[in-house]
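Order of writing sets the labels: A, B, C and D. Residues in every chain begin at 1.
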Amino acid sequence: MHSENNSWILSAQCPSRLGTVDVVTRFLKEQGCYITELHSFDDYRGGQFFIRAAFLPEQADFNGDDFREQFTARASAFDMHFELTPPDYRLPVVIMVSKTDHCLNDLLYRYRTGQLAIDVRAIVSNHPDLEPLAAWHGLPYHHLPITPETKAEQEAEVRRVVEESGAELVILARYMQVLSPELCHHFAGRAINIHHSLLPGFKGAKPYHQAYEKGVKLVGATAHYINDDLDEGPIIAQGVEAVDHAHYPEDLVARGRDIECLTLARAVRYHLQKRVFLHAGRTVVLTG
Amino acid sequence: MHSENNSWILSAQCPSRLGTVDVVTRFLKEQGCYITELHSFDDYRGGQFFIRAAFLPEQADFNGDDFREQFTARASAFDMHFELTPPDYRLPVVIMVSKTDHCLNDLLYRYRTGQLAIDVRAIVSNHPDLEPLAAWHGLPYHHLPITPETKAEQEAEVRRVVEESGAELVILARYMQVLSPELCHHFAGRAINIHHSLLPGFKGAKPYHQAYEKGVKLVGATAHYINDDLDEGPIIAQGVEAVDHAHYPEDLVARGRDIECLTLARAVRYHLQKRVFLHAGRTVVLTG
Amino acid sequence: MHSENNSWILSAQCPSRLGTVDVVTRFLKEQGCYITELHSFDDYRGGQFFIRAAFLPEQADFNGDDFREQFTARASAFDMHFELTPPDYRLPVVIMVSKTDHCLNDLLYRYRTGQLAIDVRAIVSNHPDLEPLAAWHGLPYHHLPITPETKAEQEAEVRRVVEESGAELVILARYMQVLSPELCHHFAGRAINIHHSLLPGFKGAKPYHQAYEKGVKLVGATAHYINDDLDEGPIIAQGVEAVDHAHYPEDLVARGRDIECLTLARAVRYHLQKRVFLHAGRTVVLTG
Amino acid sequence: MHSENNSWILSAQCPSRLGTVDVVTRFLKEQGCYITELHSFDDYRGGQFFIRAAFLPEQADFNGDDFREQFTARASAFDMHFELTPPDYRLPVVIMVSKTDHCLNDLLYRYRTGQLAIDVRAIVSNHPDLEPLAAWHGLPYHHLPITPETKAEQEAEVRRVVEESGAELVILARYMQVLSPELCHHFAGRAINIHHSLLPGFKGAKPYHQAYEKGVKLVGATAHYINDDLDEGPIIAQGVEAVDHAHYPEDLVARGRDIECLTLARAVRYHLQKRVFLHAGRTVVLTG
């Protein structure tokens, strides 16, 4: 959300105890790292601590590898897992999609104009339709059709493409296939899906039709990590849109497009800015 | 929502067919009724037509009873049910509440200052706590305690109070008892409840605790008519509020109060302005 | 907003008087036109009446020209201006843009996928940068550079392109040139501009920088018709986004993009659905 | 916003330099203070650093005065101003009001139910109308009428009441008098006003009438600190509400009430939770 292209990000989590902040901030001070933004949260019920610091090294010869190596000793005393992300980092991603293209179009626009610091390595689809859009952006497009019989093979191919691309995140931008439990497990915490309802409401197929049946006055979208239980993964972001009686299911589908795009893009941004922490099936999102 | 204190309201619904608008608007013209706002909607799937007209009679001797009588003949040819509501009409209501008082306080403030055209005839509670608040507003307070054993009696008493009060609407402003199916049925379409979640999500007890468990990023409130199926009645209005990981269940409870008040007040306003139509288990709300 | 592709739209306005609704609805009835949605508003202060009806002709041989001809006589008795818009009508537009492409990209996406019923006839820009985007959509791109010296000529050229294209609406999708009073006057009511502030706040140049200076906690966007007084034209739609102290001007610029796109698209949709009426320097938008 | 009744709050600001976070967090660690939430922001353009820490002392005999004394030496080396706020602290306030009572009613409700940790010491009004409301809450009500001739005296009396009450904050809850520059200056940074527009738009009198004239589609409210320049003080919070052509000025007045209440209450909450920092005519609000 904020100007941070020239900041390093240190993000970490560990079990709660006295001194968790100090072990991070004291080290940053010692290393001559100037903190521009800091946010920590201690979940006293979950017993877990989360911290995110954006900083500028004052030394010209600041070296990330050295930082990591030296901090590891201190962090390990706190059982702390941390990540150090350099400035101008662009997250390598693979986008999966079917025929519906509004989320893909939105992501590619933000990618092309640098508004979202992703590096799109490939687009995977079970349909050929969106190949021209990929081509215009100069991106490889893998058309991997799927049938009940070929599902296992197709998913193996998906895994291979993702692996070879070097992607660190898979974005399911309205990929309309139910992933197998194996693939869900494989991608757990490394894939973000957009579901077109306010989860846990209207899980599963045709959420807008369910919403119409119930006569709701708000529809929404949920971006969440994939985990073993489909449509139950940890929620990262949610958005909402007012509707009324005159919206038939197809109107809700149309109406929901914008909020799906915005919610997915927001979740991806939080993720790549290292604002999202996964713990005990829920997320902590340090947006401040 | 709009200045209409000096307007009459004609609201009606009937099965869809050619001429439904004309039968209303032609009559209004003939009667010298100046339409200030008109809204109709024809639900082509449900096959039902809805209309609401706000108008000013041009004749000084306009008489509502005559209007009703004369329009009845025309309306019946269309199987049309209609209501005529005079200007400055104040809807007689009974408010039911337990111990939680934010919705009651909000409704009484709007009542006292004339912001909501209701005429509060009585407050019914299963607890004595809110009697002073009622007293300050000069309102009768019926403390009707309830136990599993006395539920039938208590509900009979509730019905008696409502009946004798002449109330046309019962407002369940965080009344924390599950109404019996009989009472639900009795009040169907004549009672508005506020539920502290975005229905159909988090039905039943402790919705904020359910929301916390799921790690949602939005909480909401739903105002709906009571019908036979608790928490499944036709939705009138919904509101939403952003939350994050730092909101424990008790924070969500606190956070949700404002949106509960606003959503309930909005639904009551729509109802008394004759904007809400019930048909086939859903609502049409002509807010325009 | 709603499914209306197969509906005709009759929109009209005239001075306020008794019978304005009836003259429209009676005629529709007589012509066998089945009204699916109707909305009228009488501005008693401005003394002007507005109406919009969506309808389906029951006769297979319904003829728009005949309808117009026959209705004209009745309408003229009320000094009523009306428009009849056929189903599946796509509004011919010219889009003007400079270098900033988020609004253009958004409009072209909605155009390409049929989400916005516009027929883009041409794109006009004072810069060559966005030609590839136009080319990919197969659209003519007129690069018309401008300098203080050539402004008059350039604007004449703009007018010529618009005229020859047959466009009924010009969309200023972040066209960063101040139009001359003559061109403003020429396009008055036929051109929609997106301004990146909540007008009348932060008029003129660099509104996000102005917003930063003031330390506002909300930024917004305004879509309005062009009229003689720049940035003062009648407002059609406004949107808003929360920001905080950590948003420097360049962050506000980034933050505002989405709301600019959404607000402009919404205004164009209202316009082409004939929901917007211009009267006395303000708009009436019948969104119901 | 979050459960913090049992947390101490340390809030501080100082000129930007390396080590500002460390001087705070190291001290907290040394004192055995367990940080539950921490947020810092370094405004690199303004050259000022802001930090807020919520913490729980691990020692049973933790003493705030000792903490303050010991931290003062370290803080002064950084030119750091800090505040230490104990758990369960309730901010002493005086509320000023005229005849319009929605904000007062809202604040008193939150006060009475403990939703807002304020300790209302007195209510000051230039009208007698709201005395009964104060009386019901058992609060002293100072009716201090004002005329152009008595303005100086009345303001002196206001100052006296505030002083004697021990209030640390004055809340202008729709007090419809223009404060003199002297009183503004006296209260600068210690008084929060609610203005019924999105400042800097529609400054001065009758903002809703101005909004109507401009035909805006959104109205809003702004809570800001008083400073020397009326309606130009540093903004703390803003809220917004959609409106349309059918809202005449008196409808906008009605429509805006809820958002005024919510915005003012939010600003007061931020203030008493020590989330708001004043610097260079702007606020930093650490809401995280």
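Descriptive notes on the structure:
The definition used in the following text is that a contact is a pair of C-beta atoms (placed from the backbone, for glycine too) under 8 Å apart; a residue touches a chain by one contact, two chains touch by 3 or more.
It should be emphasised that the depicted structure is a prediction, and the values quoted were computed from it without experimental measurement.
For the pairs A-C and A-B, the count of C-beta pairs in contact is higher at A-B. Homomeric contact chain C/chain D: same residue numbering on both sides for over half of the interface positions.
Annotation: 36 Å between the Cα-based centres of chain A and chain C. Chain geometry summary: the mean Cα position of chain A and that of chain B are 41 Å apart. Within chain A, contacts with two or more other chains are made by residues 37, 41, 246, 248, 287-288. Residues 18-22, 25-26, 28-29, 32, 34-42, 44, 51, 58, 286-288 of chain B touch chain C in their complex. Only residues 41, 43, 45, 198-201, 214-218, 220, 234-238, 240, 244-246, 248, 281-285, 287 of chain B touch chain A when the two sit together in their complex. Residue ranges on chain D touching chain B, taken from their complex, read 1-3, 37, 101-102, 105, 109, 113, 115, 136, 246-248, 250-251, 254-255, 257-258, 262, 288.
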